[in-house]
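Multiple structures are listed underneath, in structure tokens.
Each of the two complexes below includes chain A, the first together with chain B, the second together with chain C.
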Partner chain A sequence: MSAKRIDQIARWTVTAAAGLILLVLGYILGSVLINGLPVLSWHFLTSRSSNLEPGGGISMQIFNTIYIVTLSMLIAVPIGLGAGVYLAEYARPGRLTSLIRLATESLASVPSIVFGLFGMIVFANAAGLGFSRLGGAATLAILNLPLIVRVSEEAIRAVPADLRHASLALGATKEQTIFSAVLPAAVGRLATGVTLAAGRALGESAVLIATAGMSSPRYLTFDPLASGETLAVHLWAVNAENSLSDAARIANGTAAFLILAMLAVSLGIGWFARRLDRRLAGQG
Partner chain B sequence: MSALNTGRTAVPTQTGVGAAVRTRLRGRRRDTGAIWRGLFFASAIFLVISIAAILVMVGRQAAALFTQVRPLAFLFGRVWAPEHGLYGALPFLVGSLAATGLALLIGVPLGLAGAIYLAKLATPRAQRVMRPAIELLAGIPSVVYGWVGLTALVPFIRRHSGHVTGFGLLAAGVVLAVMVLPTFISLAEDALRAVPQDIEHGSLALGTTRWQTIAHVLIPAAWPGIAAAGILSMARAIGETMAVQMVLGNSPVIPAGLIVPASTLTSEIVLEMGSTPQGSPANNALFAMGLLLLLISLGLIIAVRATRKEATAGVRQAH
Partner chain C sequence: MTAEAMSPLKIVPMVPKVVSPAPEAPEMATLAGQAETDREVEPAVRVRGLTVAYGSTPGIKSIDLDLPERSVTALIGPSGCGKSTFLRALNRMNELFQGVATAGEVLVRWDGQFQNIYAPGVDLVELRKRVGMVFQRPNPFPKSIFENVVYGPRHHGVSNRALLAEAAEEALHQAALWDEVKDKLNAPAAALSGGQQQRLCIARALAVRPDVILMDEPTASLDPISTGKIEDLLGKLSKDYTIVIVTHNLQQAARVSHKTAFFLNGELIEAAPTLQMMTNPRDRRTENYVTGRFG
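Right after this comes the complex of A and B.
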């Protein structure tokens, strides 16, 4: 076979592989939405789930998911942003900095189920919280920290040095420069990163099963110490418990809702990114 | 400059009180600066504390098991029967390694092709479709992967294999292969793009075809980066829990084939963590499995760091 022919075949194979990847994505999204969208009635979204009778909805799971993701971001963003600022603006090459970087990378590689074990023993048992939204959110926050640290550091490093120099030349201290010049300039990228992290928290479940639990309080409450089953955990639990005749219907609806939420997050990220591009283009 | 200076001297506040206020303000400004600096540093240290706390807390529960069960009997024991005091984790370890190996066997060739396509062949328009698609694949929750695997892939395998259930390592490997694609493709594409263009141009100028350049020049030059992508995909696959648990069939024995119910370290932990009393040997054994996962992941991170060092050394040499 001539080199030209091999070249053609190889290119064709590689392109076909890329097409296959698109096909797999299309199949997953398509089958989840086709099976799940018909389930997503107003009734399904606004009624409570039941462990005993068919016909339950996911209202509490939606509430718990929003609650836990928000709380975990409230914990993780200040710490992650602070660490990002430290690594981008203060850290000098040395033992301590490489230790912090090693810790961040290691934390990013810890399997989520190990975070679940850790959260169970620390928050549910040692701290005596039992299954609680707070314990779930705190564990989720630690899981998400490395991602937030990385995007914060990258966002801060992407701010042009001129901006810092101008601020310092005006007599601002380093911290004033960070808060009034650097962070405002980095806000677009920070928002993108935080949305990405929130999207990941939205679908996380292994961390939450034994920290936030697989049940919801009997009535609507903002109590952080109440247990809180999220959508992703619910999708798993209705299958694992398999006590309901309509478990498949509920799972289909929950999966479709999760996919819609993920698509919304992706659109949000795209929107932030486009705005950012436009702003940078305006500056250039 | 001189105008500024005259402006300054013209203000008649160089009295004792004014100066004192000014020094105090400046002092306060420096204090808040120090506080912020301290908070930034504390946040960074919090990461070190977190990973240390995870190691200690998981390690402590695991150590409690090893006062009752010999570590080797845990690691290489073939029988998992807590009700008989047997805590052999080998079935789970074998399951985890087999599922991960299968995932890489399917995912790496597919992912490498995807990365080559994105880095070298795709038109800008095709890239605008592929990139968001890969991000979406990364964003799909693992329970949704598990649900699609359970409702579509497992029945598909059952129909075409003649096995009773369709559960097992094959289903887990296929699901994991799709799940590691985003990690592998984005890292491998970065590695391919990082190869200096002169090398590529030099090869093409010698009259090679596009594919000869890719296969004989580009991929070897990007190899350390591609290896790092493979190792990180391995870490992702071995730690994945929910999707795997949903398609494995969860039988705590060393599987005799690819289409029979099996278990992994992660699937066993998630199944039993809520139902075993804290402090019991069965519960501690789950922490020992968690520790095993933790050590494997940390080992993989160290391996990635080593390949990365090799990669930067290679680029330096090339220049």
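Right after this comes the complex of A and C.
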């Protein structure tokens, strides 16, 4: 076979692979939105779910999802960013550094259901939180930590050394250099990493079933110790455990809303990060 | 002030390769010898037996050099000769690179007396307030023009807005940038041109009120016009500051400096008033370099 022919075949093959991915994504998105969008109504979004009669909505699940994802990011981002700063700026090659890296990498490959059961044992049982938003958020934070550590370390390492040197040469301390020169320059990449983590938290169910629980308080409350079923958990629960006549309809609606929410979050934070980058780069 | 008045010397045509002045080279009236006699020759920095090694390879070997106060000293030599390493040793920036070992003394005038900056217990923050630095490529922070200039003072504890504004204006005036940016101090520094950014970096270094300013090929990435502006600026600044500039451009060394030091393979071959270095070097290797036989 001629080199030219092989070249052609190679092109077709990789194009087909890319096309296949697009096709799968399109199919999933399409079927979820086609089945789910008609369900989304003001009533569906603003009324409570019911285990007893058809016609329930997802208002509490929306609230719980925002609450738990926000809380988990509030826990995970400072810790993950701190560890990322340590690894990128302070850690010297050695046993401790390799141990920290090994730990974060191992954490990253643990299946999420294991985190869920771990969270149940530690937060729900041992710490006595029971099914709670706090326990769920803490477990989600642990799930997301490795990702946040890695993206923060990479974002910080990507900042040109010139900028650090400029700051140090002006007589700034290392701490001042990190907070005033390095992190502001890394903010775009950091925001991208946080978006990834938030998106993952938004869609996570296995971690939350046994920690945040599958029920919601009877009234609107910000109590972190109340249980809080999120959208993703609701989607699973409705399909798995519910015998209501409209279970499929509710699941479709929930799935569509979840996908739209994830899109909104990634587009929103992406837009924010680009804007921030542009402003700092002087084009906006 | 015109360019002539601030240029310390004129390069005298003596060998083919060095004669053609760069486009921005101003016509000059003074000669280096004259300029030198008018100046205080007391050193601001004394370097004694300075050796910097990376791992096993010595970067620079046992350098002795005096840097005269309130004048421009140019460090010249081919790539890899150790001139930048020498420069970074003067504010201990080499230590940011792993595996760098330094021996010898760098004595900086500090509260009226010479202090070895490599002595134990020297405060690097205090050192770098006295010995500032400008880098090869403009490296403004991703912040506004104003915040770039006040970066130093702000981190040294000045928080009074009026004081910071005053310091910013003074430094920008000194760096000959004020007129170009006074109406857009809150615009991002990255919106400035490369040459403006480099003058902003000079202003940023000046705002810390150092005694000595180190410049590592500050015009290497700039166009001739921006280069000319920075060279003019050096002439002005040398009335108040001790400036050390690394350059691979001989004409630039000739245009801006009062003293020139020639480095080769990590050694200081020769250091003398610039005019003498350019026209009548003592060492054969210096002569070969300034006449363009290698570089």
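In this text, the second predicted complex is superposed on the first by the 252 of 284 C-alpha atoms of A that agree within 3 Å, B and C clash if a C-alpha of one lies under 4 Å from a C-alpha of the other, contacts with A are read in each partner's own complex, and residues count from 1 in each chain.
Following the convention adopted for this analysis, contacts are C-beta pairs under 8 Å (C-beta built on N, C-alpha and C of every residue); 3 or more make two chains touch, one makes a residue touch a chain.
No experiment lies behind these values; they were computed from the predicted model shown.
Student: Which partner does A:181 reach: the first (chain B), the second (chain C), both, or neither?
Tutor: second
Student: Tell me the contact category for A:255 with respect to chain B and chain C: first, second, both or neither.
Tutor: first
Student: Identify the partner contact of A:241: answer first if only chain B is touched, second if only chain C is, both if each is, neither if none is.
Tutor: A:241 contacts neither chain B nor chain C.
Student: Could you look at A:202 and tell me whether it touches chain B, chain C, both or neither (first, second, both, neither)?
Tutor: first
Student: Is A:223 contacted by the first partner chain B, the second partner chain C, both or neither?
Tutor: Neither partner.
Student: Check the residue A:111 against both partner chains and state whether it touches chain B (first), chain C (second), both, or neither.
Tutor: In the superposition, A:111 contacts chain B only.
Student: Based on the superposed arrangement, let me know which partner A:28 touches: chain B (first), chain C (second), both, or neither?
Tutor: It touches chain B, and chain C stays clear.
Student: Please work out whether A:173 is in contact with chain B alone, chain C alone, both, or neither, and reply first, second, both or neither.
Tutor: It touches chain B and chain C both.
Student: I'd like to check the shared interface: which positions of chain A are touched by both chain B and chain C across the two complexes?
Tutor: 173, 176
Student: In the complex, go through chain C and note every residue touching chain A.
Tutor: So the residues of chain C touching chain A come out as 91, 93, 96, 124-129, 132-133, 135, 137, 139-143, 151-152, 155-156, 187-192, 201, 204-205, 208.
Student: Of all residues in chain B, which touch chain A in the complex?
Tutor: Against chain A, chain B makes touches at 29-30, 32-33, 36-37, 39-48, 50-54, 57-58, 61, 109-110, 113-114, 116-118, 121-122, 126, 129-130, 132-137, 139-148, 150-152, 178, 181, 185, 208-212, 214-215, 232, 235, 238-242, 246, 266, 269-270, 273-274, 278, 286-287, 290, 293-294, 297-298, 300-301, 305.
Student: What residues of chain A sit close enough to touch chain C in their complex?
Tutor: The touching residues are 160-173, 176, 180-181, 184-185, 279-283.
Student: Per the contact definition, I'd like the list of chain A residues that touch chain B in the complex.
Tutor: 3-4, 6-7, 10-11, 13-15, 17-18, 20-22, 24-25, 27-29, 31-32, 35, 78-83, 85-87, 89-91, 99-100, 103-107, 109-118, 120-122, 125, 142, 145-146, 149, 173-176, 178-179, 199-200, 202-206, 209-210, 214, 232-233, 235-236, 239, 248, 251, 255, 258-259, 262-263, 265-266, 270
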